[in-house]
Amino acid sequence: MVRVVILGQGYVASIFASGLEKIKAGKMEPYGVPLGDELPIKIRDVEIVGSYDVDASKVGKDLHDVVKAYDPDAPESLKGITIRKGIHLGSLRNLPLKAVGLDDEMTLSEAVEHLVEEWKELKPDVIVNVCTTEAFVPFESREELERAIAEDRKDRLTAVQVYAYAAARYAKEVGGAAFVNAIPTLIANDPAFVELARESNLVVFGDDGATGATPLTADVLSHLAQRNRKVLDIAQFNIGGNNDFLALTDKERNRSKEFTKSSVVKDLLGYDAPHYIKPTGFLEPLGDKKFIAMHIEYVSFNGAHDEIVITGRINDSPALAGLLVDLVRLGKMAVEKKAFGTVYEVNAFYMKNPGPKEKPNIPRIIAHEKVRMWAGLKPRWL
Amino acid sequence: MVRVVILGQGYVASIFASGLEKIKAGKMEPYGVPLGDELPIKIRDVEIVGSYDVDASKVGKDLHDVVKAYDPDAPESLKGITIRKGIHLGSLRNLPLKAVGLDDEMTLSEAVEHLVEEWKELKPDVIVNVCTTEAFVPFESREELERAIAEDRKDRLTAVQVYAYAAARYAKEVGGAAFVNAIPTLIANDPAFVELARESNLVVFGDDGATGATPLTADVLSHLAQRNRKVLDIAQFNIGGNNDFLALTDKERNRSKEFTKSSVVKDLLGYDAPHYIKPTGFLEPLGDKKFIAMHIEYVSFNGAHDEIVITGRINDSPALAGLLVDLVRLGKMAVEKKAFGTVYEVNAFYMKNPGPKEKPNIPRIIAHEKVRMWAGLKPRWL
Amino acid sequence: MVRVVILGQGYVASIFASGLEKIKAGKMEPYGVPLGDELPIKIRDVEIVGSYDVDASKVGKDLHDVVKAYDPDAPESLKGITIRKGIHLGSLRNLPLKAVGLDDEMTLSEAVEHLVEEWKELKPDVIVNVCTTEAFVPFESREELERAIAEDRKDRLTAVQVYAYAAARYAKEVGGAAFVNAIPTLIANDPAFVELARESNLVVFGDDGATGATPLTADVLSHLAQRNRKVLDIAQFNIGGNNDFLALTDKERNRSKEFTKSSVVKDLLGYDAPHYIKPTGFLEPLGDKKFIAMHIEYVSFNGAHDEIVITGRINDSPALAGLLVDLVRLGKMAVEKKAFGTVYEVNAFYMKNPGPKEKPNIPRIIAHEKVRMWAGLKPRWL
Amino acid sequence: MVRVVILGQGYVASIFASGLEKIKAGKMEPYGVPLGDELPIKIRDVEIVGSYDVDASKVGKDLHDVVKAYDPDAPESLKGITIRKGIHLGSLRNLPLKAVGLDDEMTLSEAVEHLVEEWKELKPDVIVNVCTTEAFVPFESREELERAIAEDRKDRLTAVQVYAYAAARYAKEVGGAAFVNAIPTLIANDPAFVELARESNLVVFGDDGATGATPLTADVLSHLAQRNRKVLDIAQFNIGGNNDFLALTDKERNRSKEFTKSSVVKDLLGYDAPHYIKPTGFLEPLGDKKFIAMHIEYVSFNGAHDEIVITGRINDSPALAGLLVDLVRLGKMAVEKKAFGTVYEVNAFYMKNPGPKEKPNIPRIIAHEKVRMWAGLKPRWL
C-alpha cells in the first residue's frame, strides 16, 4: 500500500483523486499513467489518506465535495477525508480567493511541528505537492534554510519550501518518506533541500511536472537535433483558463515558470537557439483545456529552410494527474531502495526541470526507457 | 574514400550532389546530415563517380548541367561526369517525360551484364537508388527472382529490382559493395533480395528513406505511447509539387507508398489506432517544399480528450539528400565490417520501412542512439 | 406556419429536427441560424409534418426514435411522425445499409404519383432534400427530363432528380411550394429543373448547402482579393467520420462534390489560382466533427511571399441544419412573393453552388447583406 | 502627380519606396495594393519628395542607401533625396538606436515652424507617418493641444502629435494637404486633431494601418457573426523580429497597441466575446516575417462546439507598404474633394482603428466596397 497526503487540493489533485478511484474501481482504463499497471506496486494499492489546502472555502470540507467541483463524476469512495489547513505564505496573493493558513496563527517552526505531528498520525509514504505556482528564491545553502525557519522569516520562505522542510523532519522521525514536487519552486534542484533530504531519509522528486507543450517540444527538438538540423528559432505560446494560468498573469510567478522551461532548448540542441517560450495569457472560457501553439524554423541539408507549426488543445490537469499515479508509487519504491536525496532517473522523465541542479534535460523518449530500467521493468525499445 | 554511383539523377540525387560538394568545399555546414562529421569516414572522402537516369533529356548530359536545373548554385566541381543510360521498365509511365533505357535495346540479362561491366570500371563502393517511386510486387522467393531475370520478364520486374540484382552480381565479382534503396520498392524487406545480398557480399540498406512527416509522426506517437495515452485517430496529409508527388497521383504507385507508412502506427503504439496516412495530392506551385498536416486525438488521464495538430512546410529532397550523406559512408563501413545482407540498426533510423521484413519500426530517437553505437560512436543521451 | 417535409432522415435532418424543437421550446438559443428570429416568419412557426428515408432500418419507425440515434437529447415533441418510404435509385450503393424504396415496387411515374398524393395529404409548404450525396448527370433539357421519367429510366435519374420532379408536380397542383436542395446534385443549377419549377409554381433553392470549409475559404479568398494579393496556390483537405464522408470514398460521388467546390476560386479571385480542394477521406472516430486543413500562399507588396494555414474541428451536420431553419422560412416567403424558379439572392449565401447556372459565387459576407435585403431586413453593415 | 513626404524612414517606408519605384518602372506587379491601378490617379504619378527620420545613423544619408539596408534590390531611382532630421520626443527610448531630433535643439514651436518651412519647399500633397509605435495620451480638447505646443510640453506631446500639428499648419498655409497616420497614436480618433484638421484644410487618415492578423480576424469574426454562431473565446498571438516588435516589448507602447485592436471584437460580433489579442513577443530571427496564431471557439446549431485555428507567416512591412500606395492617392483625391477632417469610408478599410472616434469597425470585405464607391469606382460584388 502507498499512503498519500496531498498538498493543494486544486484542479490537479482533484482529477488525480477522482481518476485514481475510478481506476481502482475498474471503471476506467489507466490512460495517461505512463507505467500503467506494470509496476510491482499496483494502482489499486494507492490510497489517499489526507489533504491540505489554504483556500478558506475548502478547508474543513469533505474531499469528495471539493473534488466534485472539478469533476462531477467524482466517486463516492472519496468521502470521509477532511481537507486540513496548510501553509500559504502569500501563495494565493492576487488570486480571487480568501487564504487561511497555519502561518496566520503561529510561527513557521510551530507550523512545521504541527504538520509533522499530523503526518505521524496520517502515516503517509508519499507527500505530493501540487500547490499553486509561487514566486520564490532558492536557498542553495542548507544553513540559510535552517536559519530562515528558525527566525520565522515569512518574507523569505514560500509554502512549498516550508512543506518540503516539514517533510524532511517527518521522514527523519519515521525512518523514510517521499516528497513529490510537481510545481516550479526549486526543491530537487536546490542543493540545500537535496542535502537535507539525503540526511533525513527523504526522497525528493522534482521539479515541475512535465506536462503541456514542453515535453512535446523536447521530443520535437531531439528529433531535429538527431538529424543535425540547425534550429533558427522557436516560439511557443500557451493560454488557458484555469487558476494556474490566472496565477501566472502575476509577473513574478511567471518568471519562475519561464526559468524552468528555457533550459530545455540548450540541453537538447547543444546550443541556445533563439526562443520565446512562456505561458502567454489567461482566457477564462478555455478552462482547464489550454490552447498551445508552437513554431519552429530550421535549416536542413543544402541550406533549405523548413518550418513546423504545432497547435493543440490539451487538458492541463489530467496530464499532470496521470503522472502522479506513477510518481507516488515510484516514491514508495525509492524509499524502499533507500534512494534518499533525489533520483535523476525518475525526474528526467516526469519533471520539466529534472533535479539535481547540475543535471540536464534529455529526450523524454530516452528518459522513459531509463526510468523503466530504474524501476526494474524491461525497456520497451532499447 | 567512398566511391558512389547514383541511380536516378532527379531532385534528391541532384541536391545530394550539390550539397555534398558545397560541404566538401567548406562552403556549407553539414546541416541535415544526422551524423555530421563524426563518422570515421569523413564527408570530404565521399566522391560521386557515376550517375544513371532514363529521362531522355538527361542521358548523355553532364552531371553539372542536370544538377543546375534543381539548384542554380550547383558547384563547378560536378563537371566531368556524364549521365549514363539506366533501366526504366515503365517507371516513368504517366509522367510527362520521355523514357529511354537499356531495357529498350536488350534483354534484362544483357542489361545486368552491361551495368556490371560499367560498374567494374567505375568501381563504386556504394550504389544509391533514388529512382521515381514505382508500382511493384515483391518476390519473396529468390528462385522466382532469378527465373524472372533469366526469362526476361519485363512485365514482372521493376527497374529497382533489376538494379538491386545487378548490384549483387557486381558485389560478388568485386568482393563487396553496398546498395542503398531510398525508395518504397521492397528490397531490404524482400527475403529474396536479402538472401541474395548475403551470399553475394552485398550490403543492402532500405527501404524508403525516412523523410517527411512520417519520422516526426513516429516520434510523436512514441511520445504518446510512453505516457500511455490512448490514441483515437490519426490523420496525416501531405501535398507537394515535385515529380514524386506527380508520380503518386498514379493509383498503383500510391498504394505502394501507403503500405510502407501504415505499419508505423501499430509498431509504435502497440495497437492499430484508426488512421488515414497517405500522400494526398499534387499541387504544382508548392514545388519541392511540401505542405504537411497531421491531426491526432487521444485520451489522457481521467477520460480527458486532447488534440494535437501539426502543420509544416518541408523541403522534400534535401531531407532525403542529407540522409544519403550518412548512408553512403555507413554503407562503406558495413562492407568493411562484412555485414552482408541488411543492417537493421542502420535501417531503423534512416528508413520508413526498415528491413528485414520481420523487424518493426521503433522510435527514431532511440534508433538514432542504436545506429551511433553500431557505427562506433558514443550514444548522445543513453 | 411553415409545414416541412424532409427527404433523407439522416444526420443533418435529425439535428435539424432536434435543434428546431429545442429552440421552439425555449430550451436553446438559435445559434447557427443566420437570421435567428429576425424574419417575419418565426422559428416557432416551423413544423415538421413528414419525413422520408430509404434505409430499411428507418422506414416505418417513429421520427423521435430515429433522431435519438443522432442526438440523445431529442425532444419528445418529435413523437408521432412515421418515416415513410422514399426513392433511392441506388443512392445508398456501397454504403453498409440496406435500401428499400418505392422504385423497388413501381415505375418512376407511379412513384411520383404516389409522392404527390401523400404530399397533398401532408400539405408541406417546403420540401427539404438532405439525402446522401449521389453520382448524377444533369439534364439541361427539360424535354429529356420528362422523357426519362416517362420511360422509367431508372439508370438515368437519381433520387433527388425524381424528388424535385415530384415537387414540381405537387406545387403545380396546390398552387405553390418550395424545394430546398441542400446536396450537390444540380437542381437550381440545372436549367431543365429551373424552367420546370418556374412553370409549376415551385421555388427551388440550391445547390449544396454552404457549410464546412468552403464558405470560410470563400471569405478568406475575398479578403486576399480585396488587397490585390496574388494567390499562388490553395490546398484544402477535410476528413470526417459520418456517412457523408463514407459515401464520398466512392469515386463518382466524390467527383460531383469536387465539381461544386472548385468554381469558388475563380469566381472570387478573378483568376483560377492552382488549387486542390476536395473531401479527402473517411476516418470513422472523427464522427460528425470533421477535421479541416487549408494552406494558402500568396504574393504581397514588393514581391513578399506570405502563407496562411487554417485548421479546425467543425461539426458537419449542425452547420447545415442551422441553415435549414432559415431556408424553410425563406422558402415559404418566396412562395408568398411568387418568386418561382430559383432565387439567387438566397442561394448566394446559403449554397456552395448557387443557382442559377450562370451565376457566380460572391463573398459570403456580401451575400449575407443581399439576402437580408431580399427578406426585407435592414443590412447589418452596408 | 502626388508629392509625398515620409515621416520615419524605417522598414515600412523603405519597402514602400522600393516597391513603388519598381512598379513605376514596370518591373513589378502592384500586388498588395488593394486598388491597383484602378484609381484615376495612377501609381506612376506618385513621387517621394522628402523623408525624415531621427535615427542618427540615417539622418543626412541618401534615401537609396537607407532603403538598401531593408531591400537589397532598391532601385537607383531613389537616389538624390537626403534624409532630414525629424522629431523624436523619446520615441526611440529603449531601442538600441541613437536618436537625434529637432526637439534636441529648439522648442516645439520652433520645430513646427522649421518643418512647415521645409514642407513649403518640398510641396508635399501627402505626408505619411510611419514612425515607430509610441506611448501616448490623446488630447481630446483642441485647446489643450494648442497650449501644450505653446508651452513646449515635451513630456506631454509625442512625435506624431507634433507632426500632425505641423501638417495642419502647413495645410492651412498652402490651402490643402493630407496626413496619413499609419501607426497607433490616435489622430483620426482624437477629436482635437479632427477639429484642427477640418479647420486647417487638412485631410487626416487613421489610425494604425490595417495589416497583420487583425483584418483577417475581422473578416473571420464577421463570417461567424453572419451565421449567428456564438463566439466563446478568441486568442490571437503574434511574434516578430523587426524593430516594431522590439518596440512593443516596451510595456507602455504595447498597451497603446492593445487598445486599438480589442474594439474589433465587439464592433463585429455585437457582444464582447472574451478575447486575448495582443502582440506577444519579439524573436529576432523571425525578422519582418511574423508568425501569427489565432484560436476561435464557437457554438453552432443545436449546441455543437466548433474550433478554428489560423496560423501563418506574414511579411509585416510589405502589407502596410502596399496600403500606403493607395492611401497617398486617396489622400490627394480627398484634398481635391475638400473632404477635410477625416474620411471614415477610407479609414474603415485601411485602418485598424478607423476614425472618427465614434465610428465602429465593420467587415473589411464590406468596407472595401464602400471605399471603392467613395473613390468613384464600381463596387466589385455589391
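We call the chains A, B, C and D, going by the order they appear; numbering starts again at 1 in every chain.
Please note the rule applied: a residue touches a chain if its C-beta (ideal position, glycine included) is under 8 Å from a C-beta of that chain, and two chains touch if they have at least 3 such contacts.
These numbers were taken from a predicted model, which means no experiment stands behind them.
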Open item on the list: Based on mean C-alpha positions, I'd like to know which chain lies farthest from subunit D.
Closed with: B
Task: Which of C-D and A-D has more C-beta contact pairs - done: C-D
Task: Separation of mean Cα positions, subunit D and subunit C [Å, integer] - done: 44
Open item on the list: Centroid of subunit A to centroid of subunit D, CA atoms only: how many Å?
Closed with: 47
Open item on the list: Quick check on subunit A: which residues sit in contact with 2+ other chains?
Closed with: 307, 309, 311, 313
Open item on the list: Using the touch definition from the top, list the residues of subunit B that touch subunit A in their complex.
Closed with: 15, 18-19, 22, 28-36, 71, 215-216, 219-220, 222-223, 226-230, 289, 299-315, 318-319, 321-323, 325, 362-366, 368-369, 380-382
Open item on the list: Which residues of subunit B touch subunit C once you look at their complex with the stated criterion?
Closed with: 232-233, 235, 237, 239, 274-276, 278, 280-286, 291, 293, 295, 297, 307, 309, 311, 313
